[in-house]
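Multiple structures follow.
After this come two complexes, each holding chain A, first together with chain B and then together with chain C.
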Partner chain A sequence: MEEKVLEVKNLCKFFEVNRGFQGAQVVQAVNDISFDIKKGETLGLVGESGCGKSSLGRTILRIYEPTKGQILFQGEDIAGFSRRQMLPYRQKLQMIFQDPYASLNPRFTVGEIIGEPMDIHNILTPSQREKRVQELLETVGLKPDHIRRYPHEFSGGQRQRIGIARTLALNPEFIVCDEPISALDVSIQAQVINLLEKIQKERGISYLFIAHDLGMVKHISHRIGVMYLGHMMEMGMANDVYKKPLHPYSKALLSAEPIPDPKSARARKRILLEGEIPSPIHPPKGCPFNTRCPYAVAECFNQMPAAFRVDGRQVACYLYSPKYLRKRESLNIEPLLSKEA
Partner chain B sequence: MLRYIIKRLLVGIVTLWALITLTFILVHRMPGSPFEAENLSGSAIEQLEKAYGLNEPEWKQYLIYMENLLHGELGISYKKNISVNTLIARGAPYTIKVGLLAFALSAVIGITIGIWMSVTKSQIVKNILLAYATLGVSVPAFVIGLYLMLVFGVWLNAVPVVGLSTPLHYVLPVAAQAFGPIATIARLTKSTYTEATQMDYVIMAKAKGLSTFQIMFRHVLKNALIPVVTYFGPAIAFTITGSFVIEQIFSIPGIGREFTNAITNRDYTVVLGFSVFIGALIIVANLVVDILCSLIDPRIKLTD
Partner chain C sequence: MSENLLEITHLTTEFATPNGTVRAVRDVSYHLKEGEVLGIVGESGSGKSQGMLTLMGLLAGNGKVVNGRILFDRKDISPDYSNKKAKKNYEKMMRTIRGNEIGMIFQDPMTFLNPILKIGTQLTEGIRTHTKCSKKEARERAVELMKQVGIPSPEKRLDQYPFEFSGGMRQRIIIASALACNPKLIIADEPTTALDVTVQAQILELLQKLTKESGASVIMITHDLGVVATMCDRIAIMYAGQIVEEGTTDEIFYEAKHPYTKGLLNSINNSEKEDDEPLVPIPGTPPDLTNLPKGCAFMARCPYAMKICAAQEAPVTTYNETHFCRCWLEQMDESLITVKE
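Entry: the complex of A and B
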């Protein structure tokens, strides 16, 4: 787990939106994000809808053109590559989608859907390809004779498996899983997650796992990143972040996770955030969370804090800056984390 | 598939029969006789009516008409004294030529404009195209026809305005007829194309390394065009029925002009014969489009 497969440095993705009379405006979907993913590792990405999780995933895959920053894949910066230069990397970087109904072209047979990536990249001869498609179908738990059927003949879970088989056709080394289970029934979710974990074990693939379901992310991820309005607020080992979220936003987000035990659910204190998420077109100055943060101090309104290293993780919050930590120690104030723990 | 086609054809025949019967009744309910306007004496009219079988009771006339129809005979025009079959054979080529040209033009330009509207980022282009699309849907063809005549025929004197003697003569009537359908097809294509580009499989296609052009043809266009092709059936019908007024304006000797003249002249057999012909054309066009759709979209299955 030492070898870095992917390293993202100061990645930014701004979208221009046209809003009629107001003219062109900029949405800062991904703002100065840096992280890395090791071989065979799963990085979970959580955050509210519209916080830039999917944009981040798609920018890494160069589906969106990055505005700024570096995307180092096995040491090579692919951020500025042309379509032709990207072609070999398209094999190694792949994605799985949320909606198994929108992600398969309804006019292609299953064989064509899974075979097309190999066709584009000239892998195998056409007859070998058909055999490979059948193998892939078996890998994801479908029957080889499903090859001539059309997507609409399958259930949601089966369609998601077809999508996974298509992604695996190119032997990728890094897959962005964009909410791959949100559209599925709970019983099917477990099957798909187990499949993804099995494939990861066998092939050493790295995942960027984007999800809403906090419990599922904890289960599958080695590390977790928490995003808010295009910024990475906190990143650390999955268990650490879940047991002891440091960033005020992480605390609020994780306190919203449903607990299947009513007793402990009642005993838990939920942190309810005041106000709405600010518009990504007009984010507040400084830390984007300052409008809703109960602990906001003067600095928070001036500048976005850098990521501070605390307990082996990164937290972008002034409360964990060396200055504040020292202050708290000298005043003998209990650290923030144990207050709500 | 074959069973489906046979079934559709049978349904078509029933539809056609209903159309004939209803038209027959309506035409015969029109006040006056076909020969009234011609300043003939009472005995002459009687003689004419006898010659054409109009003195028989209506149900008998109907039976005779149906029997002739089964032999492929559409009857004889009261006014021109030639068979309706000949009239159709004479006029249909013009109508079909203009109609198909207008239809082809509206399909090609409509789809192109629709895709353009969907992909362009320029707000100005978008607004201009949208204005055209709205105008095209709401302004009737004969108004467009008259304006085209005035501007290009009279003011600019660039193209001839009457008849169909040279290829240049086709420009204005075809343009006038295509104006509306282009707008409808453009609007339809725009919405289906935009919808198709937002599908995840399009993003996937990019992630697989396809170029924008390949994505457009392999993944977007085929899916976006199914609803558009479905519209082609009615569109063909519109271009043919739309030709009635256009043919009057541009003095084209097609079946549209013949049809409108026949109505004012109470030429029963011509009105009936043309209704049968156009009805059959529309039924066949819709059937062909349905079969086409099942061929391009595997989700559409032609079963009963």
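Entry: the complex of A and C
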């Protein structure tokens, strides 16, 4: 897992929205985000609704035009590529959507749905194509003779598998999974997660995995990034972030997760966030979390903090700057700065 | 906490459709004590919502209550459509009970709130339908309710329209309106499914606090095992229209008996699990409710299925006052087998 597949540097995606008499306004959906993903690695992405997770994923795939920043895919900066230049990359960069019902065309057979991207991108004879579709169906745990059936004949979990088979048809190297299990029943979610893990092992695909279910994100991810109002607040190894979040927002987010275990649920203390997430059109000055952060200090209201390295993680919070070491101790915010900081 | 507030016995609801009779709720019995929180968990389509709608007298036109007796607060509120007069009386009775003695919270706040009416108008109208009071008194009560559910500057916000509130705030307003007449029972059907975890935590905490204060009982429908682990005293697990297991929250999580309950618990990422332990999905899909198998409805997916499971529906095994399950594996009494091999 050494080779970097993707490197994102200072990526921004701003949307212009028209608000009637107020004129054009700007939504800063993705704001100065940098990270990388290695071959065969899964980066989980979590954060409140509207914080910019989907926008980030879509901008990386060039579904949205980046406003600023670099997107290095296998070393090549594709951020400014034209449609033509993007063509060879389109099949390597793919996406799996949330809604298995809406993303499949009901009038096409499963064979046509999975085979379609192959037609667009390369030339296969009809029999080669059929064989390839059948292989893909087997990979995702469906039967080769399902090829002539229609989407409505399948359950939600099976339809999500069809969507995954379609995505795999082009041998992608990087897939953005945008809430791939949110619409599925609990007992079916595990099928899809296991399938994604299996495919990753077999093909060394990298994932950006977006979901609200923090337990599932921890399960599938190697690293986790926590977003808030367009910014990356914390990023580190999945287990570390899940078990011991450092950023005040990550702490609140993880403490809000409903734990499916009554004893741990009773033992746990929740950090309830007061108020609402601010509007991304008028984000607060300084750290975007300062309106709700119980620990905010003077600097927090001036400027967005840089990402400090703490315990092998990156945390964008002034409490982790050397200056606030003391204060953090007195607030009992664990853990202490490591040596490398 | 001793009196039964609600007693439901043999509730059976069916829908007539062109494809046959949908057996949505099959012989469901349970009870609820004062101040108790009962969770109803089950796969999509297992009859959770239709069971509640039957209880409230809100079935769709093609629905039919085939059997069932409902006692609420020592009153018989069993659905009675036997003749025109009975139907009229029953519907009249339910109109006074709904929104008054029984409050409802639905998954999607927008199906409940009228988008073109001010929030204040909707709340005060609700209050005035059930209690004799002046407009002014109703408005005062509405302000008080909005405060109770944590909406800042309620006087001002009463004059706003639903679209001016965030999803979490709308759900608070629904809770406010469900509480308006101090109901004895609150039915919450997936109250937080559309919300993200931080808002969900706020809403659940609020619901817990308010019901503790008022002593109301709650029926909480969800497919999120994390939510029931946090909120509920007892849990009923539904599969294909039946309650297949019921017990205290600890009994369900730590002493599950039914293969479906066990499968459900196995498929989630429980905090007890090691990181790299794979999730164990339940294979297959639920049966067609118009064409149920003769024996146990879970048989096609059950790893332990035996011959008898295909031939005859499993009887109920009772372990103690709170815990029971419908599965042949648990049944020692062979005299209950009535089919011949």
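In the analysis below, the second predicted complex is superposed on the first by the 324 of 341 C-alpha atoms of A that agree within 3 Å, B and C clash if a C-alpha of one lies under 4 Å from a C-alpha of the other, contacts with A are read in each partner's own complex, and residues count from 1 in each chain.
The rule is simple: contacts are C-beta pairs under 8 Å (C-beta built on N, C-alpha and C of every residue); 3 or more make two chains touch, one makes a residue touch a chain.
These figures come from a predicted structure and were not determined experimentally.
Participant: Assess the superposed three-chain arrangement around chain A: do chain B and chain C clash, or do they fit?
Facilitator: After superposition on chain A, which the two structures share, chain B sits beside chain C with no clash.
Participant: Identify which of chain B and chain C touches the larger number of residues of chain A.
Facilitator: After superposing on chain A, more of chain A is contacted by C.
Participant: So, A:Val133: does it touch chain B (first), chain C (second), both, or neither?
Facilitator: After superposition on chain A, A:Val133 lies in contact with neither partner.
Participant: Could you tell me the angle at the CA centre of chain A between the CA centres of chain B and chain C, given to the nearest 10 degrees?
Facilitator: The three centres form an angle at chain A of 70 degrees.
Participant: Should A:Leu104 be classified as contacting the first partner (chain B), the second (chain C), both, or neither?
Facilitator: In the superposition, A:Leu104 touches chain B alone.
Participant: Report for A:Arg58: first if it touches chain B alone, second if chain C alone, otherwise both or neither.
Facilitator: So A:Arg58 only meets chain B here.
Participant: Quick one: is A:Ile199 in contact with chain B, with chain C, with both, or with neither? Answer first, second, both or neither.
Facilitator: After superposition on chain A, A:Ile199 lies in contact with neither partner.
Participant: May I ask you to decide whether A:Cys317 touches chain B, chain C, both, or neither, giving the answer as first, second, both or neither?
Facilitator: In the superposition, A:Cys317 contacts neither chain B nor chain C.
Participant: When the two structures are overlaid on chain A, which partner does A:Leu142 contact: first (chain B), second (chain C), both, or neither?
Facilitator: A:Leu142 sits against neither chain B nor chain C.
Participant: One more residue to check, A:His212. First (chain B), second (chain C), both or neither?
Facilitator: In the superposed model, A:His212 contacts chain C only, not chain B.
Participant: Could you grab the smallest C-alpha gap between chain B and chain C in the overlay, to the nearest Å?
Facilitator: 10
Participant: Once the two structures are fitted together, what part of chain A is touched by chain B and by chain C alike?
Facilitator: Overlap of chain B and chain C footprints on chain A: empty.
Participant: Name, in rising order, each residue of chain C that touches chain A in their complex.
Facilitator: Contacts found on chain C: 43-44, 166-169, 195-202, 204-205, 223-227, 229-230, 249-250, 253-254, 263-265, 267-272, 275, 278-283, 285.
Participant: Under the touch definition given earlier, write down the residues of chain A that touch chain C in their complex.
Facilitator: Residues in contact with chain C: 48-49, 155-158, 185-191, 193-194, 197, 212-216, 218-219, 238-239, 252-253, 255-265, 270, 272-273, 276.
Participant: List the residues on chain A that touch chain B in their complex, please.
Facilitator: Touch residues, chain A against chain B: 18, 58, 61, 63, 83, 86-87, 90-91, 93-95, 97-99, 102-107, 109, 116-117, 120-121, 150, 152, 166, 170.
Participant: Which of the residues in chain B end up touching chain A in this complex?
Facilitator: 121, 123, 199-201, 203-204, 206-211, 219, 222-223, 296-299
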